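Letters A, B, C and D mark the chains in the order given here, with residues in each chain numbered from 1 onward.
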Amino acid sequence: MKITLVSFGIAKDIIGSREMEYELPDSASVGNLLEKLAHDYPDFKDLTSIRVAVNTEYAKNDQVISPQDEVVLIPPVSGG
Amino acid sequence: MKITLVSFGIAKDIIGSREMEYELPDSASVGNLLEKLAHDYPDFKDLTSIRVAVNTEYAKNDQVISPQDEVVLIPPVSGG
Amino acid sequence: MQEISTYPLIYISENPLQPEAVIDLVKSDHCGGIDVFIGTVRNQTKGKTVVRLDFESYDKMALREMEKIARKAREKWPIDKIAIHHRKGSLAIGEIAVIIAVSTPHRKASFEACQFAIDTLKETVPIWKKEIFEDGEVWVAAHP
Amino acid sequence: MQEISTYPLIYISENPLQPEAVIDLVKSDHCGGIDVFIGTVRNQTKGKTVVRLDFESYDKMALREMEKIARKAREKWPIDKIAIHHRKGSLAIGEIAVIIAVSTPHRKASFEACQFAIDTLKETVPIWKKEIFEDGEVWVAAHP
C-alpha cells in the first residue's frame, strides 16, 4: 500500500520534503514503518527519538496503518 | 516621654485615630509599649498578632524606643 | 496613563496596575522564562459575597519590605529582574491587587522565586485589606 | 490588532502573542490567583549567540495536545480557566514564544498547574524550534 508521510522539523530535513508517498506492505504497523525508514534514511538513527502520529495521536509501534491515515513523523519536540 | 504612635488597619480602628501622642516611661521598650497598649485598649488582645515597627523595621520586644522614633503598630498584614 | 518604561520595579499605587507594563519591566534578552503572579479581588470569601476590598498601606515600610523580598529572592535564585507592584485604595471585584513578575534564564527558578515572593509578601509587607460585605466589613486575618 | 475578547483559550499564531489578552481570557471574579508563564527567545544558548528562532508547528495535533494539557490540569487542580498560546514562524530575540495562564481560587494551585502545563507542553506538543546562529542552525533537542 501507499501512504502519505508528512514530516516536521529535522525529519523533514532528513527526508527532504514535507510530504511524500511511501510504499509499505499492506497492514504494516507503525513499527514496520520506522524500520523501513531507518533503512531508507540512516540519519534517523542519530536522532534523540522519532515518534509517529496517526490521525493526530501518538501511535504505539503495534498500531496498524491504513492507506487513508494521516501519518506524521514527530522528531523530538522543542516548543515553549 | 511622649512618642507619636501611628496605627494602620484594625489597630487604627481600635485606637480611633491614625496618629496619637502616647505617654511612655523614658527608655521604654517595645515590650513596655505593647503592655501599656493592652491595658489601655483591651481589644488588642483579640487580634491574631500585633507587631511594632520602629523606623520602618519590625522591632523586637527588647528594643528601646526614643521619642523621635517613628513607631507604628502593625496588626496582621493581609496584602496580596 | 504613565509611560510603560517609567514604572519602577517596586511600586505601590492607587491607580490600576498594568500587567503588560510589569512584564515589560522584567523582560530580558538573556532570560528564557518569566513567571507572573497576579492576585485579583474575589467576589466571595468563605461563601459570603464581597462588595469590594479596601487596601491600606504603610507605604514607606511596605516598599522597603518589598525590596527585601526582591533581594532575598536574588540570593536564592539566578534572577535577572524581579518586579513587585501592589495596589492600594478601593478595589472592585476582579481588579488586580498585586502583580509579581520574575525573569530567570530557565523556567523552574522563575516559578519558585515568584511563589516565594508572593508567599513572603503576604507575611511581611505592611499592607492591609478590609473586605466590604453588604452588611458589614472586616479586616482580613486580623482575628484568629 | 485582533479584539482581545475574541482570542481562543488554546491558540497557535504567527502573529505576536499578547500577554494582556491571555490574562484577560483567564480572569475570573471567583478566582484570587492567576499564574502566567511567558517563554521568551534568549539571545544565547550554551554560550553561542542566537540570531533568531524559527518555530514549526503541526497545528492540528499541537492544538489537540494543548487541549489535553488543559484537560489534565483541570483533573489535578481546581482551575477556573486555563489559556495556552503558542507562537510559530520566525521569532527575534526577546519575542514571546509561549504564554500559559491559569486562574484558580487560591494561588498555590495556579503555580502548580501552570508549571505542569509548560513542562508537559515541552514534552508532548508537536512544535519544533530551530536555533539560527551566525554560522549555522540546529533543530533544538533533535540530537542527544
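Convention: a residue touches a chain if its C-beta (ideal position, glycine included) is under 8 Å from a C-beta of that chain, and two chains touch if they have at least 3 such contacts.
Since we're looking at a predicted model, the values are computed, not measured.
S.K.: Can you name the chain that lies farthest from chain C, using the mean of each chain's Cα atoms as its centre?
M.R.: Most remote chain from chain C, centroid-wise, comes out as A.
S.K.: Taking the mean of the CA coordinates per chain, how far is chain C from chain D in Å?
M.R.: Distance between chain centres, rounded to whole Å: 23 Å.
S.K.: Quick one: report the Å distance separating chain A from chain B, using the average Cα coordinate of each chain.
M.R.: Comparing mean C-alpha positions, chain B is 72 Å from chain A.
S.K.: Cα centroid separation between chain B and chain D, in whole Å?
M.R.: A distance of 48 Å separates the two centres.
S.K.: Can you tell me which residues of chain D touch two or more of the remaining chains?
M.R.: If we look for residues of chain D contacting two or more partner chains, we find 39, 118.
S.K.: Report the complete set of touching chain pairs.
M.R.: Touch list across chains, by label: A-D, B-C, C-D.
S.K.: Can you check the complex and tell me which residues of chain D touch chain C?
M.R.: So the residues of chain D in touch with chain C come to 19-20, 23, 27-44, 93-94, 105, 107-108, 110-111, 114-115, 118.
S.K.: Name, in rising order, each residue of chain D that touches chain A in their complex.
M.R.: For this pair, the touching residues of chain D are 39, 55-58, 60-62, 64, 86, 97-98, 118, 121-130, 139-144.
S.K.: Residue numbers of chain B touching chain C in their complex, please.
M.R.: The contact residues of chain B facing chain C are 6, 8-10, 13, 46-48, 53, 56-58, 72, 74-80.
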